[in-house]
Structures are given as C-alpha cells and as structure tokens.
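There are structures below to look over.
Same chain, two partners: chain A is paired with chain B first, then with chain C.
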Partner chain A sequence: MRWTYWMWGVLAVALALLPLWPGAVDSYAFSFLFFVFVYAILAQAWNLIAGFGGQISLGSHAFFGLGAYATAILWSGNYLWGSLYDSHPRIYYFDPVTMALSGLVAAVAAALVGLPLLSKLRGDYFALGTLGFGEIVKVLFINGGTFTGGAFGIVAPASTFETLLPHYWTGLGLTVAVAVGMRLLMRSRYGLALIAVRDDEMAASANGIDTLKVKIAAFAGSAFISGVAGSLFTYYLFHVGPDSVFDLNWMLLPLMMTVVGGTGTVMGPIVGAFIMYAVFDAARILVPDYHPVVSGVAIILAMLFLPKGLTRLSFGLPGLMRRG
Partner chain B sequence: MQQSETILSLESIQMRFGGLVVLDGIDLSVARAELVGLIGPNGAGKSTLFNVMTAIYAPTRGKVRFLGKDVTGVAPHKICRLGIARTFQLVRTFLTMTARENVMVGAVYGGGGRTQNAAQAADEALDLVGLSAKRAMLTRHMTLSDRRLLEIARAVASSPALLLLDEPMAGLNPTEIRQMVDVIRRTRQERGIAILWVEHKVDAIMKVCDRVVVLDHGVKIADGPPAEIVANRKVIEAYLGEPAA
Partner chain C sequence: MFDLPPPAIFLQLSLNGALGGAMYGVAAVGLSLIFGTMRLIFLAQGAMIILAAYFVRALFQSFGIDPFLSLVIVVPVGLAAGWLIYQGLFRKAAAEEDRNISLLIAVGLMFLAENLMTVVWGGNTAGVVTSYTASGIHILGIRTSFTRTMGFLIALAGTGLVMLFLRKTLVGKAVRAASEDMTAASLMGISPHRVNAIAFAIGIALAGAAGVAVATTFPFNPFAGFIFSLKALVALALGGIGSVAGALAGGIILGLIEAYVQFFVGGSWTNAVAYGVFLAVLMFKPEGLFGRPYKKA
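Showing the complex of A and B:
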C-alpha cells in the first residue's frame, strides 16, 4: 500500500514543476488547476465534518464567504502591516498571517454557532440549521454598511495582475498541506474519537468520549479550512460580494465532489474535485447552453454506478480506501 | 475485608414518566469485585434502572453513589471516566472500525487517566475475551456473538471498577452462551472488576452470580444469594403468577 503515497507525492512534485516546462507558463491548465485546488480544499473541509464526523453540514459556503471577507477587509483596510503596503505591495499576496486569521474568523463563527446546533440538533435538523445559518450570514453582510461594502462588497487594492502562477503554487501547497494534515489527523487519537462519534454517538459517550467537544472541534476545523479557501479566492478575484462568495455553489459543488470521490476517505475529495471540475469545465466550453445538464447527468451516473465514490472502486487503489 | 467495600450504591431511586412510576424506592449496592445479577419479568424496570445508573436518565428522586461520589445525572462520558463501563442490549460497536480500533476507543478515552499504556490495555482486553485473532477484522463483518464480546473488551479496556452488562446473552446460541459466561467469570476473577449483570436468562445468572436482585413492577422484591432466590415465594409468584387458591 505504501507505493500509493509515493505516487501522490510524485504527482504533487510534478505539478509543482509543471510551470517550468518550456512554453507552459501561459497555459489554461494553471487556471483550471487553480480552481481544482480551491474546490479540493473546500471538499476536504466538508469531508472532515460530514464524511469523517457524520454531521451533514449545509453551511460550509458561509465559512468560505467569511474567510473571503476577512481577507478583503484586512487587506483593503490596511489592518496588518499598514506601513509596509505602500513600498511592498507584494507582501499582501498570500500573506500567511492574513490567511490564518481568515480561517480563524470562520472557525470561531463555527464554534459559536456549533455549540447550540450540535448540542441540540441531529441529522437532517442539523443540516437545515446550518443552511439557515448560511442565509443569516449572507443577509448580515449585505446589511453590514461600509464595513462589508453592502450588496456590492469590497474591492481589494490589488496591483496589476501579471501571472496566475503564485496562485497556482499557493493552491497546490495548501491542497497538499490539507491532505497531509487530514491523514495525520485521522491516524491520531482525535481521528479515532471522530469516527467513533460518527459510527455510534451513544457508544462513543459511554466509552468516555465528550461527543459535543469532538463535534464542535470538527466543525470549527472544517470551517477553518473553508475560510482559508475563501482567503485564497479573494487573492484571485480581488473582489468579494455577498452574491459571489456566499453563493450556495461553494457548498453544493464540494459536497458533490466529495461524494463522487469517496466520502470519508483522505484522497477522495481531491480525486472528486479534479474529475467533477473537469466535467463542469468541459461542459461549459463544449455545450455552453446546456452545461448544467451534462454536470447533472454526470452526477446521476456517478451515484448509480459508483455509490461509494471513485476511490473505493474494487479495482481502485487499495491504499486510498477507508481512512488510509 | 476487601470484599465488603461497597463501590456502587443506589439510594431510594424513584423514576416516573408523567404519572407512571417505573421505579419506586430502589436500594441496591455492589461491592468491589462482586458479581451481582439483576433479574425480573418483562416491564419490571431493569432497563430503566440501568439507564439511571449510566445517567441516560436522571432519577426523579434518590441518589446514585459511586466510590463515595454522588454521580446522579453526571454526563455519560464522565461516568465512564470515573470507572463505570457498560455494554448495550442492542449491541453498539463502531462498525467501520476494526476490532482493535473499537477497543482502543475504550482504552484511550474511557480510562480517565487510569490507563498508562492504551495499546497494551487494548491487546490485553482482546485477549481476555478471546478475540485476539480477529483484531484486524472490520466490526461490520463480525457475528453478533463476537460483537457482544467486543463490547465487553472495549469496556474492560477502560479499566473500570464496575462493569454494567445489559443482557449480554440476548440472541446467542448455547455454545456462545457458555463462552460468554466464561468471559464474564474471567473478567471478574482476573481483573477484579465488579459486575452488575441484567439478564433474561435466569439459569445463567443463578449459576454464576454471588448475589441476585429481583425487580417486579418497579419494586425490589428480593435480594440475596441464588439459592435463597430460587426458593423465594415472591420471586416464584412474580415469574409464574400466584398459585390457584
């Protein structure tokens, strides 16, 4: 089974070196892969709370949006390193402190809302509660006045846009970091508790696990990852608005990608993000008027023939199965 | 004497759901390393009493004391960490985990600091119930009997002072029942764990237990050694009905 991890490592290094290929610099592939990375990170976030934790959240777009707004506000308001900005505009791209704070804002929001939701609601009721939370956050940001820019949002003070490669590398690095982190997490004692809560909450608490604490931690961790993805997206678009970053698709597409790739597996969300985004993108280019139909059919086919996801195919890679 | 030290005591437990009194004035105690059977006809209140002890329900009146502490209504995960482990009547194992991972949950989280080496505690617990050979098997693929044994191993791995068994014989065939009785005996003898055992199969209880408590309609009607219980007139009436006058 070891070789599969080597294979993923080699793939990551190859992707990192890809832009150095002569003539590859302006390829559309980097824009495509950048979006695959954003979706893969979001899919990992959803998989943490829903796939491993068993708590179906329909509010992950709210945490993506919170992260995106946090970055835009910190960036445009010069709240960090204000004096450096004039002479070193570049420091604002992918500033790790800003990105971490964006994730943290989302995580704190998740912990606060998770306390009542996760202690009182289960299953479909929890799902609806998180969906409601997403709508509340969106309305709050529309009515946030100058702080959030209202219905228009915030334009970040970006410099001239020259190349997508820094975005590409940052996205790749984060995707790899999240996957490695996820694997380490699921092999730790915390991962054991999370699976126990998913499999049987009553048995988990009867065996000494503080189930509420475990669920809130997973919800906050998932929100942190979503928030970082939102931050990455702000650095790409330079603009955040309630209709763009709080769009339901930021929750629905990663959800589908995770299910197609393999819920509750470490590599499933990445495989699903790549395949589904390729299908969406190809449909958009080839049959622009009907592209949602193609995506819909692809999802139905995947559910009919791969109900457990691509990474659990019987001829698939055994090392990717389960919590591998 | 070590044997007589009481670790669990229920003091006049009353449990009512609206106007229905399910348990009334139950006093019960379990000593260190004692094996106590709890029997009674259907609807006697055995399961309710079990749920009171494990804090699934908070009693309407009365107290549960464990090792000198009042543990009435304390959260289930804290009850386990204090040293009361349990199994479930409808088996509850973690189906996507292997047998050993299941037991590791009890060893890592249930011990409340008592377990020094979780991996070793898990292996010893699996060994005690005879599931060492199936340690890598997914629980989903195990038989009911093995899952019941696994629940006991998971509970034992948390090094409890008291183990509550909720009908561990339900659904087992005669061979599996003998195996289960053997495991229960060894758990008490080799680990010194006190056991309170709720059971429908009265004959198994009578053979193994030091003491038997009988409930009927929410009231304790008998409490004593098996030989005394089988001759108790109230107990016979509870099970068979009053003799024709």
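Showing the complex of A and C:
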C-alpha cells in the first residue's frame, strides 16, 4: 500500500500551495492550520518517547518552554553578547541556526535529566519524575533574573509582520520533516531497538541493546522536536513568559492528541492534532463561555469511546493502520 | 553570617508548616488509595478539593450551614460522587492495559471541573468568612489559627478512619490486597471493579474533607486545585507510595519544608525545593522516607 504515502504527500503539497488561493492567507483557517502544525509537532515529540519508547513523560512542556526561551534569548541577545551582537545584523525570523540551537538546548537538558531519571525510574515513577522536573524548570525560569526576565519573561525585539505566511510554511515544513523523519527512524535499526525496549525491556537488553542509551536518545530526540516547536511558537508570539510557555497544557494537549490519533503510529499524532484542535476551536467559536468545559468533555468522551486512537479504527484511512 | 532567629520562630514555623502540610497529606491519602488499586495518577484530586470547597461555600452562603458542620454532608456526597465517577468514567478504562487512557480521563475531569466552577462561580478568588475565621488559639505558648488547627484535626481523623477501615474490615483488607497485587487478588475472588470503586469513593470523600479545611483556611479559585494535586504527589512520594499513614506524614514533612524554605530562602523558591526533594526521594528512596526497600524485581 505504498500509494497511501502518496496521498499524504499530495495533501502536504496541497497545503503548501494553499496560500496561492486568493484570500486564503487572510482567512481564519490559515492561523488555525498554523496551530495544528505546532501541536502536531509537539504530539510527534511526545509520541517518540511515550508511543514508540513506552516511557510516559509528563515533562515535555518543559522542553517546549526551553526551546521557546532559547529562541527568545538568542533573538533579543542583549544579555549574552551585548555589543558584539549589535554590530551584526539581527537574526531574522525563522533563522535555522537559532531554531536548531533551541532544539539542541532542550535536547541537552533532556539528556542531562534523562540520565538519572531513565536509569533510576521506570513506568509511573518516571512519569512522576518528569512532572516534577517540569515544575522545577518553571521555577528556575521565574527566578532567572535578567537572563530569563523573571516572572514576566522576555519580549522579543520583533518588528511587526503583516502576514502569517512564513509561519505557515515553516510550520508545515517542520511537520512534514518530523513525520518523514519519524517514519524513517522507525524503519531504522535504532527505531526497531526503541520499539523492542518498549515491548520488553529485559528481552531487548538480552539481545544486546543498550536500553538506557536507546531511551535517553529517544528522550533527547523528543525534547529536540519539542524545543523546535517552542522556537516556532516564539516567532509567533514574540513574548515568552514562564506561565505561558511552561503551561502544562503544552504537555497535556499533545499527549491527548497523540492518544486520540493513535499512540505509536507515525500519522496518528497529526490526525489527532487536527481533530482535537478543530474540536477545541469549534467549541471556542460556538460556545465561547463554555469552551473549556466542552474541551474537558471532549477528552473524556474521546477516551471512553476511542481508547485505541482514531488511526486504529477499522474504518480508518488505509495505510494509517500500520505501526512504526 | 546572619543572626539566628529566636527559637520561638522555629516553633511557630514548625507548627504552621505541620498544620498546612496536613492538608497536602489528606489529599495524598486519597491519591495513595487510588494509585494503589488503579495505578492511576489522579491529577484531578486537587480540582475535586476545590470543588468541595466551593460546595462548602455554597452551603454556608445559601443555607447558613457552618463549614465544619457541613462535613456530615460533604463526606457522604464525596463517597457517592467517587463511586459514580469510577463507574461512569473509569470503569472501562481501568480494564485497559494502556494507562494513558485513565490519566487522560482524569485530566479531562480536571478541565471539566475547573471550568464548570468558573462558569458557575466565576474565576475570582473566593473564601468562606465565618465569625471564627480570624480567631486564634494558643498551643504551648504559640499562637495559631483556629481554622488551621481544625483542618489538621480533620486530616488526622480522616486518615485515622481510612486506616481503621483498611485494617479492621474485610473490604479494607481486599483493598489492601488489591494494591499489593491486583492479579493475585482477583484470583482470590476480589472484584477489581469493586475495589477500585471503593478506593475512588474514599479518595473523593477525603477530597471533600480536605475541601472543608481549604474553604475555611485559604482563599481559593477554580484553578488552585492543580497545585494541590502536585503537592499531594510530592507528599505521596515522601511518605512512600501505597502507605496511608506515610502519605499524611509526607504531607506534614512537605509542609515543614515549605514553611522553612519560605522563611529562610524566599517564597519564590519553595516550589523548586519541594519538587527537588520529590525528585531526590523518587530516585534514591523510591519506597519513601519510612518504607523498607522493595525487593528488586
């Protein structure tokens, strides 16, 4: 069924060409899709460590926040390299180096934290540990003084922008890149090792897999993707603050989207992100006063009736069913 | 360096910390029961506590029922609500091997409760002000607030009752057996659903009791619950997951840590220290401060 990937490819190209449609750029659907991309990337990141790796992380919002802060700090830059930076041209929007560095900051943090957490803690204890880690990072950033801007955060030195077009294309490109990367990764030796660790750690280790290394790599990889998503979000919001980018929803919503779409599938997180964000947004428009209530109900209903995820339904789109 | 404050300060800090921490403790006892049987991190516990606090406030404002007297209403309602929540929301998910589902249902319940409270009572900070809210009592020469002391007593009584129930009744024994090994317990004829439902009923009833304590002591808002859930988790880890008395003790220790850090280091660092201790305990003493080490599986 190789052609189903052509379907996804056609969809991606169609989305990339959407801005050419007259009026599309100014439409509401455009910003909606941008948010879907951000959430899809985050959901993929969570899926890597939890869906494929079997390590439930409740601290992925910390890596999103780290990436967002890294971009904001690099962008405003005055604190790190002050005068030197001023003599250089400003880093432009979506500077690939800044975005990669933001991912790297998150990945390094994840590797440093993952080493003790993943070697010592398993299952629920790892989940609790990551939850605690997320809260610690938040407090550290609140107390970070001028470097992190304290409780207020950092305002990026942005000039006004008139179109969401670059955000849209960058988001789409990253979503596609992450999905393709995930697909290739899961077909690789490393991806198979990761799945082996998830399914039976003891057996994997008996077969010569360095389970700790595999898990840490997945944790760091997941953090890298989250960090890049955080970077993307900074370019959208221009203001990072501890309460906005370290908000728990940056972990809970992607988690939910992944589970609704199908944990441990390559396309599930994207499907989940699209559908759940559509539900939330529809609720926000239709019943503005009650929309968070609707979100809560939506989560509960989705879990009660779709516990295996949409992509595992028998009438799911062909090609979605395959794992890994 | 700096002058050591007078010893009375230490007494005062310890008392305040212990009294405040007992509230985390009672929330942790509920979490401990639910985690014990279902292996579910019930993140909505804090939201349930705040919901109970609003309920107490409504009883007080509409019917003039004294907050402490409302325990006789809140606790039975909590028991029934816990039973219903389990049967309605978690029964199906509990049978699934993937525990993300239960966790997400808990998250959904938390969103739902938080936002229903906002819709019904508004997002502003609320409180219950009675004739004795500001009154204090003297214990061993230190002054403390009456409501905090009552909250502490409620926590002690709640934990004591749960322990009695677990130790002295057959159903309690079944709950304990199920927390130790659900498979073995169900082979002995213990119904997992019944045990889970009982754990949930008691957990929510304890959230109700904690709600009374919160309502009389602190101002609260619909979104204050989540931090309670986190603190209860810390207390749970400190006391040893699965131990009821340990959960209460863990809460009190957490309260003490917070009180001292707040005084000596600064209020903005209390959470970082609390979670730091949490991580350290998880990593180096996962059986809790009082537990015996587990056998290596």
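We take it that the second predicted complex is superposed on the first by the 307 of 324 C-alpha atoms of A that agree within 3 Å, B and C clash if a C-alpha of one lies under 4 Å from a C-alpha of the other, contacts with A are read in each partner's own complex, and residues count from 1 in each chain.
Here, a residue touches a chain if its C-beta (ideal position, glycine included) is under 8 Å from a C-beta of that chain, and two chains touch if they have at least 3 such contacts.
On a predicted model such as this, the values are computed, not experimentally measured, just so you know.
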item	value
Chain A as common anchor, with chain B and chain C clashing or fitting	fit
Chain B versus chain C as contact partner of A:Ile299, first or second or both or neither	second
Partner chain(s) touched by A:Ser205 [first = chain B, second = chain C, both, neither]	first
Superposed arrangement, angle subtended at the Cα centre of chain A by chain B and chain C, nearest 10 degrees	80
Contacts of A:Asp124 with chain B and chain C, given as first, second, both or neither	second
Partner chain(s) touched by A:Glu162 [first = chain B, second = chain C, both, neither]	neither
Greater residue coverage of chain A in the superposed arrangement, chain B or chain C	C
Partner chain(s) touched by A:Glu135 [first = chain B, second = chain C, both, neither]	second
Minimum Cα separation, chain C to chain B, after superposition on A (Å)	10
Sites on chain A touched by chain B in the complex	189, 192-193, 195-196, 198-200, 202-211, 264, 322
Contact footprint of chain A on chain B as seen in their complex	54, 75-77, 80-81, 85-86, 88, 92-97, 101, 104-106, 108-112, 154-155, 158
Residues of chain A touching chain C in the complex	50, 56, 116-117, 120-121, 124-125, 127-129, 131-133, 135-136, 139-140, 142-143, 248, 252, 255-256, 259, 263, 289-290, 292-293, 295-300, 302-304, 307
List of chain C residues in touch with chain A within their complex	35, 39, 41, 89, 92-93, 96, 98-101, 103-105, 107-116, 118-119, 226, 230, 233-234, 237, 268-269, 271-272, 275-276, 278-279, 282-284, 286
